[in-house]
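In the two assemblies presented below, chain A is common to both, partnered first by chain B and then by chain C.
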Partner chain A sequence: MAAIEAIDSFYVQNAVSYITFTVPTGYQHLQLVASMRDTETGNWGTLDKVFNSQTSGGYSHNFMYWYGTYEARGSDVGQGEARSYGMAVNDRNPWIPQQIYGATVIDIPDYAHTTKNTTWKYHGGNGMGVSIDNTATNVTAWGAWAAIGGGTFDNAASQPHSGLTTIKLRGDSGQLERGFEVTLYGLKSS
Partner chain B sequence: MADPAYLAADGTLTDGAAWVALASESPSAAAAIEWDMRAWTGTKAPSQYVNLVVVMAAQDGVTSQATGEISLKINDDGSNSNYDLLLFSGDGGGSFASTRPAASRIVAEVPAYHNTAKKFGGAVMWFHDINSAKYKTVLIRVAADRDGAGVVQSRLITWTKTEPIERLRFGATELNIAAGSQFDLYGLLPRMVTR
Partner chain C sequence: MAAVDVLAHTTLTSNTAGIEHTSLSGAYQHLYCVWSVRDDTNNYYGDCGMYFNSATGSSTHPLSYTRCHQSGSLTGTSTRGTSSAGGGALFGFQNNGNNNVLADTYSCGTAWILNYAQTGYGRPIILETVVSTLASSDTQSCMLAGFYGNTANAITAVKIFKQSGGNFLTGSTFTIYGVNSA
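Our next item is the complex of A and B:
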């Protein structure tokens, strides 16, 4: 028996608004590994996860982030999705090459529980315009961004939890770009 | 060696282990670590993997300083200008972010042999979508403590080339990774059959 199995994979051929994983039972933990870019406008992007189609709030998230020589921290409270920063965005062409995609590894421990809040943690980012950052006066304009973060889904309306059965992935706006690639892995226990 | 075993005896696709152990190196003398995957075939052929992961416990063999660095060449590309770095580093006294264009191929700051023979730095490196036409992104987490000194780091390296990753080479100061260091390479398969 393999300890880590690929549950499902997507490779986007034409831009799509979202991807949905159906999460089977039989694993102890989940891991999402993605190479990501979307069509949105803005200086930064997130890969958003919606658990069990629940978008009515309850997702909170703390993170540290950095670009250039700037470092900071932040939080999102009571959002409608589980955010992970580091998505490459599309609107800075031609300065930002189309070949730049963000990368992330997201862990969702003990996803099938029925009494715990669902948590996620991640490490992700993209190198958009790092070279340009070296000379730019406003580095945020170019979109390079890396972050470590994690959060908890605590939706009182859905208590008790029934375990994670679906994960919908989307950007915070726009569509997932051609070349967006993601695999959901399942980790088994003994 | 694990076998992905996604081809059954009758040739039909099946699913096996998603992580496949591809290579393991622990030099007995100071050396560089190099994996030339171009000659690897069968279940080791890099063209079938979507991501690579390197797990490292390493020490710089340099004897003239307390700390050293592990450097990376992808496909034998040693030009710093082809690598962009986002670094976040912290120790007991503070933290900083940097792009360090002159050191953009450094994947980890680690203890040096000069410091003590027993202290090694750990890192896990994720090479994403290695066969795509994208620039290649490498996500790295580093832990390199030296009894309260040392660092914890995140590094995000973008190799601004579109060709597939087929060779990885790790070096250190004066190219010497210390004896006893450990480098393991894993290939990550996507879902191979329709669920």
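Our next item is the complex of A and C:
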């Protein structure tokens, strides 16, 4: 049996608000690989993960990021979802043309562990598809994005932690656009 | 042949100074490592180290890195270092420590070690780690490009450990995969 198996994949044909993976047992680690774009408004977007249908808080996220010539760090604490940046957003069209999708790889180690909090790590971003003109007044660098970060899920109401059984994926708002594609992989340890 | 095979895995059942996988087969093109670690540092993070072939501190097994690293409320910065300043190991990345950080929270780490069994060349390393907790301040993110300067020996052993001395805590895990070429 292969050490890494594709558990399930989704390809969005028509825009949807969310998609949900059912997470089986039998693996040590999980990895999500997504090509992503959504309809939210703003300069950038996140791919949000909801673990075990729990949206009542307990998610934190820290990251460093770059867009254009700017670099910074950020954090989200006490959120209702596990965030990861890099979603291409339709609101920045035409600076992020319709054919541009963000990419991310998200690692979730020891997802079935019964005493460790669920954590994740990711590296994601999106290109622009056009040349950056930093002399323009419209700051065309907005939209291009790269980030690395991760976080912790610890909801006191759900303790002791029972591991992941479902992962719901959505944007911060709007819908996942046609062409959004994601695969959940399971990594074995024996 | 499968593209990826499990070469080794350890889940600690007691506090231990590090996790080393030895006698790794040389039959693959690359190694891919995944770890989830917490150590006994009296801080929210602890410095982690990695070395190969049980040869820490040896001038014939040099390691170096360049990284972009973010700590707490500070914006990411670029730094670099060599194993001569790191006790002979690759360093510059972090684990969750055991103080001022949410209980039962472990860091996430991954690393690619390319062409690990090929002699005559140094071996490049791509590594990422994240230290997280339910706070905006006590966190770290690191992306690191490393290099193993030894050209004479295939990598047959990989160890991760708490660089400043002390233990990884029970529940820490370290998995190594062998990744095939076509």
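Everything that follows uses one rule, which is that the second predicted complex is superposed on the first by the 177 of 190 C-alpha atoms of A that agree within 3 Å, B and C clash if a C-alpha of one lies under 4 Å from a C-alpha of the other, contacts with A are read in each partner's own complex, and residues count from 1 in each chain.
Assume a residue touches a chain if its C-beta (ideal position, glycine included) is under 8 Å from a C-beta of that chain, and two chains touch if they have at least 3 such contacts.
For clarity, every value in this text was computed on a predicted model and none was experimentally measured.
Overlaying the two complexes via chain A brings chain B and chain C into a clash. Once the two complexes are laid over each other on the shared chain, residue contacts for A:64 go to chain B and to chain C alike. Touch criterion met: A:75 reaches chain C, while chain B stays clear of it. Look at A:148: by the touch rule set out above, it reaches both chain B and chain C. Of the two partner chains, both chain B and chain C are touched by A:123.
Of the two partner chains placed by the overlay, only chain C lies in contact with A:113; chain B stays clear of it. In the superposition on chain A, A:6 makes contact with chain B only, while chain C stays out of contact range.
Taken together, the two complexes place residues 2-4, 64, 71, 123, 148 of chain A in contact with chain B and also with chain C. Residues of chain B that touch chain A in their complex: 15-19, 50-51, 84-86, 88, 95-99, 101, 126, 128-129, 132-135, 137-139, 141, 154, 156-158, 160, 162, 188-192, 195. In the complex of the two chains, the chain A residues touching chain B come out as 2-9, 11, 22, 33, 35, 64, 66-71, 97, 99-105, 123-127, 130-131, 133-134, 144-146, 148, 179, 181, 183, 185. Listed in rising order, the residues of chain C touching chain A in the complex are 2-6, 9, 34-36, 68, 70, 73-76, 102, 104-110, 128-130, 132-136, 139-141, 143, 171, 173, 175, 177.
Those residues of chain A that touch chain C in the complex are listed here as 2-4, 28-29, 58, 60-64, 71-73, 75, 77-78, 107, 109-110, 113, 115-117, 119-121, 123, 148-152, 154, 161, 187-190.
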